[in-house]
Amino acid sequence: MTDSPSRAANARTRATGLRLLDAHNLTAAYYTPEGNRVVAVDDVSISINEGEVLGIAGESGCGKSTLGAILSLTAREPLVVEGGTLEVDGKQQRLGPRAKVQRTWRGSVVSLLPQGAMNSISPTMRVRDLVFDVMRAHDRGVKRSEALDRARDRFEELGLPARALDAYPHQLSGGMKQRVVTVISTLLNPRLLIADEPTSALDVSSQKALIDMLLQMLDNKIMSGVVFITHDLPVLRTVSNRIAVMYAGKIAEIGDAEQIASEPRHPYSAALLGSVLVPEPGFRNKRVKGIPGSPPNLLNPPSGCRFHPRCGLAMDVCTKEEPPEVGDVLRFSSCFWTQQNPGTPVPLDRVIPSEEATMVETDRELADQLAGAEEGAR
Amino acid sequence: MDFAKYLGRKAIWYVIALFVALLLNFLLPRLIPGNPVDTIVSQMARGGGASGEQMKAIYAHYMQQFGLDKPMWEQFLVYLGHLAHGNLGTSFSQYPTSVNSLVAQALPWSIAIQLPAILIGWVVGNLIGAVAAYRGGWFDKGAFVGSLFASSMPYYCLAIVLLFVVGVHFGFLPIGGGYSLGLTPNLSPSFFGDAITYWWLPFWSLVIIFVGGQAVGMRSMAIYELGSDYVNYGRGLGLGDGRIVRYIFRNAMLPQITGLALSIGGMIGGALVTELVFSYPGIGTLLFSAISTNDYPLFSSITLLITLAVLAANFCVEIAYGIIDPRIRAAHSGER
Amino acid sequence: MRSIHLTPRFWVAASLVIFTLLVGLLGPLIIHVDPHATIGGLYDKPSGRSIGMWLGTDNAGQSVISNLVNGVRTSLFIGLVAGAISTVIGLVFGLVAGFQGGILDDILMGVTNIGLAIPSIVVVILLADALNGSTSFTLAMVIGITGWPWTARAVRAQATSIRNREHIDVARLSGARWVSILLWDVLPYLLSYVVMAFVLQMSGAILAEAAISMLGLGASGSVSLGIMLYWSLAWGSVRTGAWWAFLPPTLMLTLIAFSLLLLQSSLDEVFNPRLRRGRSRRRLAAVAAGTQAAVPTAAIVEPVLEGDRS
């Protein structure tokens, strides 16, 4: 997993300049049993190019899985998508309470690779039954034998044993199940795959196998792009072309993976990346700092920039106005400091002051609740 | 291979359970101080009618049948031997009628009210529960509270209320027995037409309870499945609602099928008191009269019959489960 | 600790349960009439003449209302005793089996499975008959010692999952004896579950007592709802339209059963707030559907599913 430079280089050659997805103004909220509206993704727009892996990072409860649910068109109670549009290949899909989502978009245009994969296949059916059902859902006339032949070819192409098709989910190991699910998610050659924490429940070697397979699928043009959601930053660095860092339902910064890792342009991404050990030369001398405080209460988010209560660089304006997006659609940082200091990496030492004077009282319970609600929606 | 191992393990447990059940059936009635035959024969003598000679013959017959002069273990073997030949013994209270024929007379009546009630209640209850879980909203709320009430109501209480309201107060249906006085049970249409008027009330008293219980169970099962990962994933793959609902119900149905099989197995002992309420000529009424007349052979034969049916149903369910649900097989043939 | 939200359903259930408790506890003090005393003729109609006549007389000329309040008291007593016995046995078996594992687990679960397979109504009938002339207390014991197996199995499943948590390892490494680990580290997690199981056991026991009494195996000389029904059926009160003799015990039994089941399901919501969004734990749901059957068909509780899923 440490051979990131070469793979990242590969990834860069895969990425083309053609636009794959434009998502505009995505907004989604959870409705708690008490009747409160918690906006988990707030007016987020992202774009992905053909051949790209876009990583999404953030603390739990920041809305990254919610974003995955919106993009894969699988949001459901208590999560409600309140607005936004997806644009793939010039085809538009409106989102919102009254918008009708075409069923066939799921699976063939955008497809979901779920977290855990533990119970992603109904426990009483064989893998091949699901395979056939998926193919038939998009092509009514497909014959069972034909569908299974195609699946078998795909399994072999990706180096998976074809007999896994005859297995029940409980007969597969965790890593194998996750890879089988990955193949099923991409059976219909979707344009975009939304992978929500696919590696989180796996051991390191299974993680590597899965990531290799995903990259091979991109090379083989099985799908044209991947949104990779994880809290595991080292994994994200190896697999992504670009990384979007989310904070409190908004995108703090989005940019090239290497640039975000080495020269972050947003105080939050600097702090987030500063809080993980990366096995690289000199990491023994690095001081690791946690981010003081915890993510804000989304029921009642801070005014202005949502990170300002925890940010050492915060200025007056940060507490009052929404920060501007500095950069272009593919690479930007939502920060006043960056606006005033263009081209300069954020100094981590100043984001997290040693005396931690900026520590704020936050509503831990609500953050938990939101994380729980997000989990529940999966 | 897997399956054989699973089956073997289960079979061993059920043989042990059967043995324990037989032992209980054999021992408990003998725990009463004194020789049961003495008690019974003296009771019969008090009732009068039998001469001294007859009494002696009856006494000898029972002593021989139970082998009461032999040690306990030998008695148990005698008991098992009789059972193995399908011989349940001779009734005390209706001497010399055999228990077999008494049970054979009563059994069809019990089945006649139970089996249709179980089957129809199962189908209707599952439908209501499934629709409630899927539709949600007011239908769900109403169906849930109604079903919860129906399923929590003791079945004999509903029987009493129905008997009073429909049978006595409004006089719509006959209030007791299995058929009109003066008729003898036979398979003619006229007898059937008469018996069915007596059948309605016990049937309804059972079916309402069944519908409630099944609906509550199915609803919670289906709601649980609705929240599971494969539902979300199936939607993410573009599967149609109908297809996903089919997955849900396949998984939710498994425990419900168990319930059905077990209810059928528990049928004989399932509504003992219902029959009492309606004086229906089934096993429950027979058991009642066996208890009130201290008819031990009849009494313990009925309890044994109930046990055997339940054990058999349990065993069938375990086998069926092993076939239907691959996880169970894996879980059991493996470590435990 | 998250604050506990009490749902409206809980309050409805709790007030119904409190009502029955009041009837059973205070009723006999207010209705100062000996339930065994003959105060009238066969099925005298209810009248306001005296407290004892409020619900008329039964087949033996005894006061129905006095029998009713005393019967509720007996039924509650039997429910509490039998529920406590089966919950304690089930809890001990389940905890030890689930926490110890190994051969002890195999033996205890073997016994439990046999207990589940043999219909408990049969064992109760056989035992009640063997204990010729039982009292309410012995009847409660009999019902109690036949009702524990499903609690044992359910508790075992929970205990097994708790066994593997870290704080148990910590306790074990710090040298705590296993009894104290069971009591202080495992049991607290099961408490809410045990309370719900007890409520179900209690309602099952009350209904079982009534069924047994109606079959003619009731406690001789005592007053209970089941015995009231036994006599009113035997003396044809339903057929003759003497509603005051059979309707009060029937409705009271229904009320007790319904309120306890409602209490259990609302406790489930209170203890597991997520259920309110519609999720439900399979096991208790299945048991809830099976309590009623615990009387007639004994082992409706699924034989195989427990512990394998959830």
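The chains carry the letters A, B and C, assigned in the order they are written, with residues numbered from 1 in each.
Criterion: a contact is a pair of C-beta atoms (placed from the backbone, for glycine too) under 8 Å apart; a residue touches a chain by one contact, two chains touch by 3 or more.
Per UniProt, the chains are A = ABC transporter domain-containing protein; B, C = Peptide ABC transporter permease.
Here the structure is a predicted model, which means the values were calculated and not measured.
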item: Most remote chain, CA-based centroid, reference being chain A; value: B
item: Most central chain, judged by mean C-alpha position against the global CA mean; value: C
item: Chain A-chain B separation of Cα centroids, rounded to whole Å; value: 55
item: Whole-Å gap separating chain A and chain C, where each centre is the average of the chain's CA atoms; value: 51
item: Length of the line joining the C-alpha centres of chain B and chain C, rounded to whole Å; value: 21
item: For chain A, residues contacting two or more additional chains; value: 123, 376
item: Where chain C touches two or more other chains, by residue; value: 309
item: Residues of chain B engaged with two or more neighbouring chains; value: 227, 254, 327
item: Interface residues, chain A side, partner chain B - complex; value: 72-74, 76, 103-108, 111-112, 114, 116, 118-125, 130, 133-134, 137-138, 168, 170-171, 181, 184-185, 188, 376, 378
item: Chain B residues touching chain C - in the complex, by the definition given at the top; value: 13-14, 16-17, 20-21, 24-25, 28-29, 31-32, 136, 148-149, 151-157, 160-161, 163-164, 168-169, 175-176, 209, 213-214, 216-217, 220-221, 223-224, 226-227, 254-255, 258-259, 262-263, 265-267, 269-273, 276-277, 284, 287-288, 291-292, 299-300, 303, 306-307, 310-311, 314, 317-318, 321, 327-328, 331, 336
item: Residues of chain C touching chain B in the complex; value: 106, 110, 113-114, 117-119, 121-123, 125-127, 129-130, 132, 203, 207, 210-211, 214-217, 229, 233, 238-239, 241, 243, 246-247, 250-251, 253-254, 257-258, 260-262, 265, 278-282, 285-286, 288-293, 295-300, 302-305, 308-309
item: Residue numbers on chain B that touch chain A, as the complex places them; value: 227-230, 232-240, 243, 247, 250-251, 254, 324-327, 330
